[in-house]
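As structure tokens, here come the structures.
Next come two complexes built around chain A: one with chain B, the other with chain C.
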Partner chain A sequence: MTAIKLAYRNLIGAGLRTWLNVIVLSFSFVMIIWMKGMLDGWDRQARIDSIEWETGGGQYWHENYDPYDPFTFEDSHAPLTPEQENLWQKGKLVPVLITRGTIYPGGRMQNIVIKGIDVNQKLLSIPTARLDTSVYGIPAVVGSNMAQNSRLKKGDRVVVRWRDANGTFDADEVVITGIFNTTVPSIDAGQIWIPLKDLQRMTLLENEATLLVRDNTEAPMPAFAGWKFMEQDELLKDIETIIKSKTAGTSVFYMILLLLALLVIFDTQVLSVFRRQKEIGTYVAMGMTKKEVVTLFTVEGGMHAVLAVVVGAVYGIPLFIQQSTQGISFGLSGQDIGITMAETLYPLYSMELVISTIFIIVVATTFVSFIPARKISGMNPTEAIKGKIQ
Partner chain B sequence: MHSMKAQLTSLLLLFPMVCPAQTPDGTEILKRMDANLTSDSRVFTSKMIIHGRRSSRTVESKTWSMGDRKAFTEYLSPPREAGTKMLKLEDALWIYSPSTDRTIQIAGHMLKQSVMGSDLSYEDMMEDASMADQYEATVTGTEQVNGRPCWVLQLEAVKEDVTYASRKVWVDRERYIPLKEELYAKSGTLLKKTEVFDVKRIDGRWFPGKIVFRDMLKQGGGTEFIIESIEFNAEIPEHLFTKAALR
Partner chain C sequence: MTNNENQAIIALEHVVKRFPSGKTWFTALKDINLTLGRGEFAGLVGPSGSGKTTLLNLVGSLDSASEGRVDVLGMDVGKMNAKKSATLRKKHLGFIFQTYNLMPVYTVYENVEFPLLLLKEKAGKRRKAVMEALEWLGIESKAKSKPARLSGGECQRVAIARAMVKKPEIVLADEPTANLDAENSHHILQTMEQLNRELGTTFLFATHDEKVIKYLKRKIRLFDGKVAADEIIQS
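Up next is the complex of A and B:
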């Protein structure tokens, strides 16, 4: 306790030098929390959006289905079993039928994926209610990215060509009845959504589906022969991989920031031990053991981190609150680069993140303060009190 | 789409025929066209001009074929495609690419991919089923195409697994060559159009100098297929129709 009081008095007594160190350290501290909070916020947002728009609580894939290989689509569909139909009627499953096709917006040929979905489903955020309309042609909704790339607007009519289950070409006009904004590119880019019944009729695949999205609950769900269940975590793996790689990249930046701040503390400590030899000698002469003096100097160094937490909190907390409520916009949507990322990111500053960062910085600062202070234990107190350089 | 190959083959192999006095039965016309598909062998060099929206590119090739079950094609230009070889044996198709020095078999859904970016798919190249087996033909009238009198045939698929549900073919009444063809989707939408130009008589046979394939749903000038030279009943060594010949 004495060491803490004494260390505090010494630090405050050192004036500007202490505050410069504290400000540099607090800057690193705030920056690290800010960047980590940004990644955590992106992760949370991407997961929530993916679950709401695409994955639900997991998906049953037809055993031949591979989303990365469109050539598998023609062979990856099967009739729904009575059990699956029952769960569909109860709103616990949403069947989706997928096939390849070609659209000709403005006479340009564009290969797309055609997805058929139940117009009455409520499980995913895709605005399928807009498909439940009477138009001359096939109603379709597309994502804003697809609409932009294909220059499609609401009300536009575009020719779509596909092959039925026998490989025979067919063509018709689709009418864009809605354009939705989503941060999930995998349900937007290069695809159109049409009513499931229409796609089943068009492809001669009555009552068939390629995948089944389940509700986002913990309720037990049976296994279906010929369908493989993809856990939600498995489906969100891509997001996790991106965030992990981003975290690894930004960790280098944290390390540089932290090293610079710790270097400042280390320098200050070296200078203190060098310039305050008379003081060290006096402490020993007054009855303090060398160990206690080492502890005093170490606490002094470590206390920089504690003060940095206080100073960082003064300007960091308002900054974090403002950003987590209003978000940060980089003017770049994840759609542009093909990843699930909203144009405005809302950082997530969890208690765990703040406490772990404080802990790491305080421990690291104390450690680098201890290294120069160790030299004190090898000092001759008589020489030290004379101020002789050792 | 698959009719293009059948058409091309028939166009290359058609024997001159005398126009019958009265309107023949549609199936009879198809059978006569199908009969023309049979031939011993032919060797031809061709040029495929693929007209895109902004630019065009030309692919030249030389093909050796025996009947309609065996064919070997070597691409001669552009430099990027030169040396690429394609072998068709019965129902199998292999492609050798010199840049990777590998031979791959084109199968399954890959057969639906475009050949060299043209309007023709590998499936079209493979197609050798008889038109008379796949369609029921009705003569709906007579029309002039490029100054030639033609029968107009309406073809409706009799099998489920055909690429086009219906077609309309204009067959030269004297030469039994399809001069124009329209391919329709099940809904009745016109998907593709094929036109034949520059029909010449060589070695006692009629054959087209140029065929234009056009995807009617997209803009662009389509794909021109120009026969530069052709030799019928040429001697073709058997080893050319082996996978070893690809490398």
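Up next is the complex of A and C:
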């Protein structure tokens, strides 16, 4: 307690030198929390959006289905069992049929993936209600990225060609009845969404599906022969891998920041031990043991981090509140860079993040303060009192 | 000596202190035998290099003797571990240095309060004791000033107040007037003499300053690491 009291008194007494160190350290604090908060916010948003738009509570994949190999699409479909149909009617499953196709917007040829989905489904955020319309041709909705790349707009008609179950090519006209904005590029780029019934009819795969999206609940679901269940976490693995790699990259940046701040503290401590020898000798003469003086200097160094928390809180908390409510706009979306990311990110500053960052910085600062302070224990107090350099 | 002074508060028996000097050893103190009673106002006098400060450091348990025994308040300081000797200094000894050794970032008040903080005295008791010490030394108006804003005389008064605030049994003063002019030196010495008289504190100086020597009631002359003379001045 005495060491804390004296350390506080020494730091406040040192004035500008202390505040410069504290401001540098607080900047590191705020930057680290800000950057980690942004990644956590991105992670949360990407997970929520992916669940709402694509993965649901997990998916049953036909055993031959491989989303990364379009050639498997032809063989990866099966009729729905009565049990599956029952769950579909209850809104607990949404069947999706997938096939390869080609569109010819403006006379250009573009390979796409055609996905058939129940127009009445409510499980995913894809605006399938816009498919439930009466038009001449096949109604289709596309994502804004697909619309932009193919120069399609609402009301446009475009020829689509596909192969049916027998391998026969066929073609028809689709009408773009809706364009949706999503942060999930994997349901947007290079694909069109049409009514499931239409696609089943077109491909001669009546009552068949490639995958079944389940609802996002914990309710138990049966296993289906010939279908493999992909857990939600498994489906979100790609996002997490991307965010982890971003986190690793960002960690390098904030490690540099932290090291710079710690270097400032280390330098200050080295200088203190060197310059304050007379003071150190006086502490010993007044009745402190060398160990207590080492503790005092270490606490002094560590207390920079405590003051930095206070200073950082003064400007950091309003900044974090503003950003977590207003969000941060980077002027580009996930569609532009091909990963699930909203145009406006809402950072997530959890207590766990704040406390762990504070803990790491306080411990690191205290440690780098201790290293030069250890030198005190080797000092001769009778020489130190006179300020003789040792 | 009074009866009170007859109680040995500092006793040195055959004390030798050697320092390494290159490949050989330099003997700073040679077979010192000395006893000081409670309430004495004594000084170690002698030229530079005679061993005054070395002897003061041994009594202050800041250093240990190479041979012999140093007893302070009946305790053999040579046998004390670091914690015990720190406790001895904290509770019973006050130090006054030639260069004042005030904490530059503390105010006068905080400097004087410092020994009481180490003793973990309560805030109220600390405040009372500090103000009393500042009043003794006539520097209460400087309580909020930092040492950099004080004159040399004022700094030394603060140092004395700091040494005296815990009312120690012994005050060890190493060349306390070396950086002061004549007027300030006399003022400081009068103050210390008064504290010695009123509080019964034992003062042991290390000095070669004639101004100090005139005030001493006992002069222990050191020469070449030995006690050359031990003279009690009758007032």
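FYI, the second predicted complex is superposed on the first by the 390 of 390 C-alpha atoms of A that agree within 3 Å, B and C clash if a C-alpha of one lies under 4 Å from a C-alpha of the other, contacts with A are read in each partner's own complex, and residues count from 1 in each chain.
As a convention for this text, a contact is a pair of C-beta atoms (placed from the backbone, for glycine too) under 8 Å apart; a residue touches a chain by one contact, two chains touch by 3 or more.
Bear in mind the structure is a predicted one, so any value in this text is a computation, not a measurement.
Peer 1: Mind working out whether A:P82 is in touch with chain B, chain C, both or neither, as first, second, both or neither?
Peer 2: neither
Peer 1: I'd like to know which partner A:V159 touches here: chain B for first, chain C for second, both or neither.
Peer 2: First partner only, chain B.
Peer 1: After lining up the shared chain so the two structures overlap, which partner does A:M109 touch, if you call chain B first and chain C second: first, second, both or neither?
Peer 2: It touches chain B, and chain C stays clear.
Peer 1: Check whether chain B or chain C contacts more residues of chain A in the superposed model.
Peer 2: Counted on chain A, the partner with more touching residues turns out to be C.
Peer 1: With both complexes overlaid on chain A, does A:I385 touch chain B (first), chain C (second), both or neither?
Peer 2: second
Peer 1: Contact-wise, after the overlay, does A:P220 reach chain B, chain C, both or neither (first, second, both, neither)?
Peer 2: Neither: A:P220 stays clear of chain B and chain C.
Peer 1: Counting only touches as set out at the top, which of chain B and chain C does A:D170 meet: first, second, both, neither?
Peer 2: A:D170: touches chain B, not chain C.
Peer 1: Looking at the overlay, does A:E292 come into contact with chain B only (first), chain C only (second), both, or neither?
Peer 2: second
Peer 1: Show me the chain A residues, by the header's touch rule, that chain B contacts in one structure and chain C contacts in the other.
Peer 2: In chain A, no position sits in both the chain B and chain C interfaces.
Peer 1: Give every residue of chain A touching chain C within the complex, in rising order.
Peer 2: Residue list for chain A touching chain C: 2, 5-6, 9-10, 13-15, 278-279, 281-282, 284-292, 381-382, 385-387.
Peer 1: Show which residues of chain B lie in contact with chain A when the two form their complex.
Peer 2: 1, 53, 108-110, 112, 157, 160-165, 183, 185-187, 189, 191, 215, 217-220
Peer 1: Under the touch definition given earlier, write down the residues of chain C that touch chain A in their complex.
Peer 2: 53, 57, 60, 62-63, 82-83, 86-91, 93, 95, 97, 99, 101, 103-106, 110, 114-115, 117-120
Peer 1: If you look only at chain A, which of its residues touch chain B in the complex?
Peer 2: Touching chain B from chain A are residues 71, 74, 102, 104, 106-109, 159, 161, 163-164, 166-172.
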